[in-house]
Every structure is written in structure tokens, then in C-alpha cells.
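Labels A, B, C and D are assigned to the chains in the order they are written; within every chain, residues are numbered from 1.
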Amino acid sequence: MDKQNTAVELVDIKLSNDAGACLFEGLNLSLAQGETAIIIGPTGVGKTSLVELLCGCRRQDAGTVIIFGQPVKIGNGHTLTAVRRKIGGVGGIFKLISYQTVYENLLAPLIICGERPSVQKTRVNQVLMDFRLQSKKCDKARELSRGQQILVMLARAIIADQPLLIIDEPLAGLDAAMAGEVLELLRRFSVAGHTMVILSTGRTGLEIPNAKVLYIKDGILQ
Amino acid sequence: MSRLWYPVRKFFGNMFGRPLAAATSLLSLLLLFLLFDLVWISAQTVDAHFRQLLSTLEMELFFAEDLPDSTVTLIRETVLTLDGVKNIDYTSKEAARQRLQDLMGTDLLEGFDDNPLPRSLTITFWDNYLGSEQLQQFKGRIERISGISEIYYPRGWLEKTEVTLSWVSRIVLFLGIVIFLTVALHIIHAIRLSVRVHEEEIRQMRLLGAGKLFLSLPYMFEGKFYALAASVAGWAIVHYGQYRYSFQSFEVVLPPLTDIVYFCIIAAAVGFLGGYLGARRPL
Amino acid sequence: MDKQNTAVELVDIKLSNDAGACLFEGLNLSLAQGETAIIIGPTGVGKTSLVELLCGCRRQDAGTVIIFGQPVKIGNGHTLTAVRRKIGGVGGIFKLISYQTVYENLLAPLIICGERPSVQKTRVNQVLMDFRLQSKKCDKARELSRGQQILVMLARAIIADQPLLIIDEPLAGLDAAMAGEVLELLRRFSVAGHTMVILSTGRTGLEIPNAKVLYIKDGILQ
Amino acid sequence: MSRLWYPVRKFFGNMFGRPLAAATSLLSLLLLFLLFDLVWISAQTVDAHFRQLLSTLEMELFFAEDLPDSTVTLIRETVLTLDGVKNIDYTSKEAARQRLQDLMGTDLLEGFDDNPLPRSLTITFWDNYLGSEQLQQFKGRIERISGISEIYYPRGWLEKTEVTLSWVSRIVLFLGIVIFLTVALHIIHAIRLSVRVHEEEIRQMRLLGAGKLFLSLPYMFEGKFYALAASVAGWAIVHYGQYRYSFQSFEVVLPPLTDIVYFCIIAAAVGFLGGYLGARRPL
């Protein structure tokens, strides 16, 4: 695969949890730009741990993590922030700021990437409309139901045109209608050219065209 | 909200979001600064008092009975040229007698044939020469002039005063350091609390790619604001207090305005640094 | 129904959210001891809000909440703590204390109801064995995967023999194996005589014998 | 862990779980208490110094030239029975002359036929009688005795000293209140931080049915511990300092031990209360 087009690259990752038990050993993953990977694994297998590795929140025991050509390393503050600005996250370690309003939560990525205030405003309003969240604009995040929170997180994940989306357990606890809505959004993101990493315990309902489906088994992706 | 404005807005949001916490932080810092100001003022007042006392210090120099007046005049002129001498008063035998008479009410020496009182010089010194060592050296130098029968100055008192002054300055320095340390710790504590309250936000902002400095700036502003506001308010209270209450029994000496301004600037810097240290850890 | 045997009773509950929109109006629910209610409703309909009412975390606009004969009222500290000690909760507002170990988390209800230390120890160890969590005993709660966290919460919900279990979205984000395990536990609790209120977005997979299934629709339970 | 032990264990857990925060809290409280102690000691020392000076105060009472010696003796005995009088010294004309001679070096009165110096009484007073008002009253009373030509005591100095003492006590009271307020605020702040850190736990424990008092007890213990440890350590440092450094120039007066013990108990109570207030809000 062309290096230039590689969005996510995990090479020979080794990771143990605090108890010393090995979660991954020799795990490899390569994802081209615009590609979608659905990573399936039962609970406790280390999906959220994998997300932590991708975002530089946890240090691997061995191996390298490369996102858009930049190595992710804890302690290397500058590249870490640069990499993180390219990642939109939903669920797992990514949460809404509970005491801020939906509007403020959506503003955060735009502030961080230094967008002009006028652009910020139009962008947030546009996204609120796209996601049919206008009525929740001034609600505090903690007062939203889980489904609404996931919608807001999805909106936050693409508001600053983040090229890589990491979505941990997208359909957990959603009713059928909302699950369909979320799935539809994910398909749209995929079509729009976002690279996506979707982590879930089960395949059911996760039909995204052209997605690579990988299973975590015995510490590697199969 | 642009990236430049964010820390400022955030800072205001944090302060007004928790007005009670901000008020208690400000109040206790204000009290600490007030303490510092009072200690400083006490030191200045005591110092000024002692310096004023010191500046009245005189050295008296008595001439031998048999010294001719011409030599006395010569010595007088020589001494006047010496380092540190500010002024010289000559007291003749007659002047001494007059002075004693003024003191006692009647001329006690009426019965005497001869006036037994000696001629003397009263020397005053420039302020920066009023150290016990310097005066001791000075005495040593003029002692060697023959014809001078006795030299007197309140040496014991001078030494005691110097020891007192050095103790005052030592204690003030100690107290100043203690109070400033407390201020710094207090600011760090206040900021840590503020940071804890916004921990969730900080963690998510970090995940979204915000830099450490960017996220800690609001808290550094907060620390700076606390320290600056409290120190300025402290001095304002002191000045108002001095204006309201006239102290008849002693004159209170405030530090000069430039020193106060410097002090407030230093306080603000400490606040800024305290904010930095308080915000650093959880990032 | 015999008053004495009523575990949960909601009478004419009215509740609006902060925006003023009405969530419930004239909602009634009566649950005898040992009964199980599965309450189904799409996301945002107010399931978690209902749990907050049951625990006295939120004030209803009108109506009364009665748990085991005691009225639940915010501000009435003594009966509120007494009622809460009878409730074991999982999910939603009930969370594990993230920086404490599994052991410490399980200890909490026993400490609160004033159990003797020796009893505490044996009880915790017994429950850890029942739930096959011995190996996680000393792990911090935040280091557990979601599935493990739900297991620990279930364990905490029955460790002090709490008669009423409130379970918010039990199967969300669990893989099939774990979901089966949780369901099996819920059935066991039901047989053991626990009164249960289970809230979920969908019926799928929630097969519990003798359970009342209720739907939240138009602000009431149907 | 039984219900009774839980708060104690929790308290230790909280302290050792965040040793740095606990240490900074302790340190800044220690500094504040040290300030308080120093202010208190300064007040005691200044007070003792002035009281000692006061106790040397004398009133001099001069008799008219023409008063017979027998009347003088009578007056002397009368004055001795008056309220507040501690001692009386009689100075005869001869004694006065001798004293002047000692002072001047030679007998200046050699030429006189008559001794012009008056007879006098020197009165000293009991400590609790040494107020300017009381002495003024005393003077008024003996002034009416005929045959007394003049009464002298350092009235201006006494009044000045009294004003100074009242200022010292006022300033010390003010500083004391300021410092204690700061201590209380600081404890509340420290506890608030500690509570915030354990907010998640407190919220879940509340949901599981724990009472408010039960949950706030560890923080009240924490506040009490900070205040008690800091105040005791402050006094320990003061005592050690006094033992290490001998102050030649002035005697330092520490408050009595019982007062110190009371002080520490009050500090602990303030800490307990501060802990209560700090823990109250988030419950």
C-alpha cells in the first residue's frame, strides 16, 4: 500500500494490562485513507484499549502506531496534539463535557483547530441542522438521553472535518430507529471519504459498504 | 470564540461559574497580603523611628584644659574636613557654664574662681556614617590628636539599636518569606480546585487535540488575577485605613508607591506561576 | 393489590424536563414484591429519568413515588437513605467508583448497611466467586471492560440482599456470550424473589419468565 | 470495615492517597499558625517590656521650704496608707545635696549658705494602680494637702505608653482575627478540593444509601487533623527556635502553656468546623 495514503498503521503492537496479562501481541493493522474497519471482539478483549493506543492515551509495550504518517508517542506533545486534531471520536474514552451545552461541546474542536469565530458559528449551526439537534442546542450534555449524546458525539467527530473517526460501540443501548439513524450517518461519513475505525462486540446491524471486518482473537486482528 | 480569546473567556467563565469559591480564594489571599503589608509597614515604621533617633546622635569631644585656643581652632577645622562629619558645634567654657545655668536654674558656679567646665566640640554625622564600627574608627582616628582629653558618644545605645534593627529586618524578612510561601501555596491550592472542577473538560479537550499551555492559560490567568486583585486591594485597604485613622502617638511610614507597584507586579507573577503549577499536574 | 406486598408504586407522576417539555403525565405503576417489570421505550423517552425518580435524585412535578411503603421525597434525608439501601442499581445513574478496586466497590453497600467486618469479607468473596470475578478482585473499576463493569455492578446490586433491583439498559454493548450470562443472572435474581425494574430500548433478548412488559408511550406506561 | 471505622479509614486513605496535597495544605496552615504565634509572642513581649518600664514609674512630691519636719513625717505616713502605694522613699535636704554631688562630680553647692534643694518623697505604686487616670486622681488627692509645693510624675510618657499599648493590643487582635479567618478559609478550600477529588465516590455512596454525616465525617477529620497538626507544629517550631537562638538584646515572652493548649484545641475545632463546611455543599 502507498505510504502516503495510509491513514492508520499499527505495527507489531504488544500490550499487556496492569495485571500483566497480554492483550495484544504482534498486532498489525493498516488502513488506507477513506477505508473503514469494523473491529469485532467480545467484551474485555481490548477494543477500548486499542482506541487508547491510537490516541496516544496509553503506551504500548512494543511496536509503533502511525496515524497519517506521524508516529503517535506519549510525551511527544506537539505531534500528539496534531494527530489528535485529525481524530474524531465517539464513545468509549470519548465523552461529552457533561456540564456544557450541546453548542459548547460542538464548538470545542473548532476552537482547538483555530477556526475563525464567524466560521465556527455557521459550522455549528449547520451541523446542528444536519443532525436535527437544533432543539437541544442549549441543553446541558448530561441532560441528554444516551441516544442524543451519541448523535452529538457523532456531530462533534466530523465538525472540524476530522479525517479519521474512531467509534467505540456505536449502537449500544440504542433503539432500532435510532440505530438505523446512526448507521445511516456512518454510511454517509464513509461515502464522504472519512477513514473510520468502528469497534463493536457484535456484527449485527453494522452494515457499511466496503468495510473491512476484522476480529480480535488471540491478541491479533484476523 | 477564537483561539486567542478562548483562555480569557474561559477564565471569566470559571470565575463567574463558581463565584463563592473565587470569593473565598480572593478573601483569604487578601488577608494574607494584608498581613504582608502590615508587616512591611511595621518594619518601615520601626526603621524610620530608629533612623530618626540615630540621626540625632552626637559625638562630644572635650579639650584638655591647657590647650591653647589656637590649637583648638586648628583641631576644629581639621575635624570638620574628616569623612562623614556633617556639622560641628563649638562650646566654649562660657557657653558650657551658661548651659549648666540654664539647666539648673541658678548659676551653681558663682562661688568658683575658675570655670571648671571644659571646652568641647559637638559633632554630628551624615546618616550613612552612623554605624557603630564607623564611629569607633572615627573615634580611634581623632583620639590620636593630642590635646583631646575625652571623647564621648552613646556607644552602648548605638550598638543596642543596631542589634534591634538587624533583628527587626531579619524577622521581617522571615515573616515576608513565610507569608509569600503561604500565598504561593494557597494559589496553587485554589487553582488545583478549579482545575479539578473542570477536569472532565480538560481531559476531553486534550483528547480533541488541545495543547497543554492552551488549556492551562485560563488557570494561570485565574492565579494572576487572584494575586493581583488581592495585593492591590490589600494596599488600598491599608491606604484607606491610614487616611481614616490618624495615629497621634506615632507616625506610620508606608513604603513608597513604586515599591508597592513592584510588589503587586511580583505578586501577579507569583500568581501566574502558581496557576501554572496548579494546572500542570492533571494535564 | 395488597398494600403490604407492593414494592414499587408510582401514582399519577408528572415530570417535565428542563426545557419544559412534558416527559410523563399521569404515569402509574404498581409492582408487587418479587415481580419483574421490563420497561421499554426508545431513546430519550425518559427511562433514566424514571430511575432518578425512583431513587429520589429528581423531583417530580406531581404525583407520589412509594417504595416498600415509604414515600420517596427529596429533602427527607432519613427515609431517603433507608429506601436507597433497599435498592440495587446497575447502569444509567449507577456507576462503579472508577478509582476503587472491585473489592472496595463491592464492599460499599455492606459498609453502608452496617454489616460486621467478618461477614463483609465472606460475603464479598462469595459473590466474587458466584460472578466469576475472583481474578479481577484487585483491579481498579476503570480498568475493566464494560462487560466486566456490568457484572460487578450486578454483583454490587445484590450483595447486601437489596430487595429491589433497578437495571438500566442491561445488555447494551455486550457480546452475545456476555449478554446470555447477564440474562441468566437476571433470571436467577427473579427466581430468588428480587423485585426488578429493567429498562431497555428494545425487547430483543430480554426473556425473563413472568415479567410484565410495559411500553412508555405518550408519557404513560402501557 | 465496620460503619464506625469507615470514616477513620477513609480519612487516612484520603490523606495518604494524595500526600502532596495533604503536605501543601499542612505546610500553608503551619505557616499561618506560625504567623499567628509570632504575632502573639510579639504582643506578649512588647507588653511585658512596657509593663516592666511602667513598674519603674515613680511620683515625686516636693515639700514647701517652711513646712516643719514633723508635718513632713505626718504627711509621709498618711501617704503610705493611701490606696495603691507600694513604697515611699524620703529624701532629706542633705540626701538631695549628696545626690546632686554624686551626679555632678563636685559639690556645686559649696558656696551656698543655705541648701536650696527641697525635701521630697519618691512614691512607687502597685502594678494594677499604674494607669494615667488613677495616678491623676491620686495626684489630685494629695495636691490638697497643704505644704506640698510640687508633684511630679512622667504623665506625658505614661499616656503615650498607654496609647501605644492599646494600639498594640488592637493591632494584635486585628491580626489575630485576620489570620484565623484565613486559616478557616484555607481549611474549607483544602477540604473542598479533597471532596471534589472524591466526588464520584460520594455521589455513588449517596445513591447506595449512605447518610450525609457519615460521608462528611472523613473530611471533618481531615480538617481537624490539618488544623491540629499545624498548630501544634507551629508552637513546636517556636519553642525550638527560642531554645536554639538566644536573644541577647531582649527577652522573648512566650504565652503560658495552658493558653497554647487552649489555642490548639480551638484550632482543631475550627478545623473540624471548616471540614464540615467544606464537605457540606456537594452532598
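Following the convention adopted for this analysis, contacts are C-beta pairs under 8 Å (C-beta built on N, C-alpha and C of every residue); 3 or more make two chains touch, one makes a residue touch a chain.
All values derive from a computational prediction rather than experimental measurement.
Q: Hopping along touching chains only, can you work out the least number of steps from subunit B to subunit D?
A: 1
Q: Take the average of all CA coordinates in subunit C, do the same for subunit D, and state the distance between these two points in whole angstrom.
A: Their C-alpha centroids are separated by 62 Å.
Q: Please report how many Å separate the Cα centroid of subunit B from that of subunit C, as a whole number.
A: For subunit B versus subunit C, the centre distance works out to 68 Å.
Q: Distance between subunit A and subunit B based on Cα centroids, please, to the nearest Å.
A: Averaging C-alpha atoms per chain gives centres 62 Å apart.
Q: Please work out the Cα centroid separation of subunit A and subunit C, and write it as a whole number of Å.
A: Computed from C-alpha means, the inter-chain centre distance equals 30 Å.
Q: Would you give the residues of subunit A that are in contact with at least 2 other chains, written as numbers and ranges?
A: none
Q: At least two partner chains per residue is the criterion; list those residues in subunit D.
A: As it turns out, subunit D has no residue touching two or more other chains.
Q: Report the topology of the inter-chain touch graph, choosing from line, ring, star, complete and other.
A: Contact map by chain: ring.
Q: So which chains actually touch one another? I want all the pairs, not just one.
A: Listed by label, chains in contact pair as A-B, A-C, B-D, C-D.
Q: Of all residues in subunit B, which touch subunit D in the complex?
A: 21, 24-25, 27-28, 31-32, 34-35, 38, 104, 106, 108-112, 116, 160, 163-164, 167, 171, 175, 178-179, 181-182, 185-186, 188-190, 192-193, 196-197, 247-250
Q: What does subunit C use to touch subunit A in their complex?
A: 17-19, 41-48, 135, 139-140, 143-148, 169, 172-178, 201-202
Q: Which residues of subunit B touch subunit A in their complex?
A: Those in contact with subunit A are residues 1-3, 5-6, 200-201, 204-212, 214.
Q: So in the complex, which bits of subunit C are touching subunit D?
A: Residues in contact with subunit D: 55, 57, 77, 81-87, 89, 93-100, 107-109, 111-114, 116-117, 120.
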